[in-house]
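To keep things clear, I will list the structure first and then write my remarks on it.
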Amino acid sequence: MNNPVIGKNCNIASTSKINENVIIEDNVIIGEFCVIGFNPKNNIKKKLIIKKNSIINSHTNIYLGTEIGENNIIGHNVLIREETILGKNVQIGSFSDLEGYCSIDDFSKLHSCVHVGQHSKIMSYVYIFPYVVLTNDPIPPSDIRQGVIIEPFSIICTRSTVLPGIKIGFSSFIGANSLVNKDVEPEMIGSGNPFRIKGNISNIKIPKTQDNAYPWVGRFNKDYPSDIKDIFENFRKKYLNS
Amino acid sequence: MNNPVIGKNCNIASTSKINENVIIEDNVIIGEFCVIGFNPKNNIKKKLIIKKNSIINSHTNIYLGTEIGENNIIGHNVLIREETILGKNVQIGSFSDLEGYCSIDDFSKLHSCVHVGQHSKIMSYVYIFPYVVLTNDPIPPSDIRQGVIIEPFSIICTRSTVLPGIKIGFSSFIGANSLVNKDVEPEMIGSGNPFRIKGNISNIKIPKTQDNAYPWVGRFNKDYPSDIKDIFENFRKKYLNS
Amino acid sequence: MNNPVIGKNCNIASTSKINENVIIEDNVIIGEFCVIGFNPKNNIKKKLIIKKNSIINSHTNIYLGTEIGENNIIGHNVLIREETILGKNVQIGSFSDLEGYCSIDDFSKLHSCVHVGQHSKIMSYVYIFPYVVLTNDPIPPSDIRQGVIIEPFSIICTRSTVLPGIKIGFSSFIGANSLVNKDVEPEMIGSGNPFRIKGNISNIKIPKTQDNAYPWVGRFNKDYPSDIKDIFENFRKKYLNS
């Protein structure tokens, strides 16, 4: 049993509950009515680490055994279970439910109400919109867990469901309300239920200019590193040659 | 910095957090564990006003810079961001997420888990059912915001998604699980994914009597003004001639 | 007015609000920031009973006039309104919304974000996955309530919507993202929007072995009684001969 360790210059609401075995680094903000370091059966041995400069908004519950990276923004009413590893500059929208045993890499952003099943692997610079569900059980209910893999720079639009074990390739685009039941190759568009591949991402145009809308790198920079174009090109070489 | 101003005859749970720059009018009820007047980056200059006779239920978070009208009922676990303008007698269901910079006019009702994207414009006497999503970004992620417009007396059934910039016309009916990707004319039925117009609302019958089920005015009066038929007819003249 | 009655060996977070007319039996655990026994208009006369060995997780709100059975596990941020009757060993996932006047029988499990409309009747050993919606109003908005009936051992996969008054038969399987608009016979598969019956549940195979995946009894036992096979066979005789 260890008392929580709290860094310098933190702003932690007095109404929030900070449990044992929690490490909070410098400049972290924690909103009202949060539970930080929940250990439901007292059997999680690992600590919860919240790295520097991160913000946890009100009514959020984070279990022990998890790692919140630097510069994260976690919304209101979020649930994050044990063995969730968030990279740096990750954003998790309000009401999202991260079921644990999953990872979300640097600079990925989840909008509100995203459900991340166990063993999901969301790589970096991914953007996931509201009410997307990442499933994991191919014959529910069962003990089989086949996590979804989402490669970097992919976009999953609102309310899509990704079935167990599916891989969504680098910089691909999944339309709203899709039921993704097959792997998607890099830089492809997929949508619908039944799900169909609709060609290369270059088919989607910016309405006003008719320039290519995707990849989005270069036309949208909010909260990304200044060298994001170079980062994208390096990832592209890696994933398109693999 | 101004202390909150609280009217007469209010019932505010002692566990709730009422921040500075909040104005609460008479007869307002605020449930347990609410955050009223949240100002995440201390850059919202406008006050939060909660007008008389309104009820805010437990675990709800309302940002500064917003206006809650008279006689509103706000559910549990609701999130309402800045620059949300709610008219009078509005109802917002539990777990709903109003992203701000949006308006919901008098007597409109949102059931639980409704997601209202920024720049949505929900006019009066609209009824929106659970898990409806109003989107706003035509090429996500981007800085473009094309809000949805919903004209008076329209019905949007459970789990429908409305794509950016769509206008849903006066007294129209959107079926469950639709992906609305084109404008809907007044008094029309639309449904499905792919989305189809299915004729005039007079095609939907009350199961027992085979009378027309829509418009619903006249057969459903709960919490509406006694002269709702006249109100409806006046709106109808305005919107069908425009 | 009666003070709450709290049994032996309970663990109730000091931040939670336990109202009058609540009966909590032995060995109950209640997490942080819960509201237990909410009575919004002071017109619910019945008590709230939480039976022995049940767990209520953080940020959950349970109204008066409801019954939580023995050995239940209720998630975080759950809303349970009045006149909800939960049997024994029921599990309710986080962010679920039980609208009241409904029942969920022994050993049924709801995953997170399930919406249970009023007058729904979920029988025993049912499994419902995230974001399923059980509706009840055939001509919304109206005062008509036609609850959904789900017979024992049925599976409803993620994000399916069940329309008002539909009966889902014994041990049937509803695929992800379905819009269930007709009754489903026992032991049948149904899926899609438009919804189609896709044959007997024996058509779904376990990927590795090609054995039948359904009924799931016998291959998945977590938290079920040791004689679940006998229970299943007894239910089967009853429901297939009816």
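In order of appearance the chains are A, B and C, and numbering begins at 1 in each one.
Everything that follows uses one rule, which is that a contact is a pair of C-beta atoms (placed from the backbone, for glycine too) under 8 Å apart; a residue touches a chain by one contact, two chains touch by 3 or more.
Being a predicted model, the structure only gives us computed values, none of them experimental.
Two copies of one chain, chain B and chain C, form a contact in which under half of the residue numbers belong to both partners.
For the pair chain A and chain B, the CA-based superposition corresponds to a rotation of 120 degrees in steps of 5.
Between the Cα centres of chain B and chain C there is a gap of 28 Å.
Residues of chain C found to touch two or more other chains are 15, 33, 59, 77, 95, 113, 131, 159, 193.
Considering their complex, residues 13, 15, 31-33, 55, 57-59, 76-77, 94-95, 109, 112-113, 127, 129-131, 155, 157-159, 176-177, 192-193, 204, 206-207, 213-214, 216, 219-220, 222 of chain A touch chain B.
Remark: chain A residues 15, 17, 33, 35, 38, 40, 59, 61, 77, 79, 95, 97, 113, 115, 131, 133, 135, 138-143, 159, 161, 163, 179, 193-194 touch chain C in the complex.
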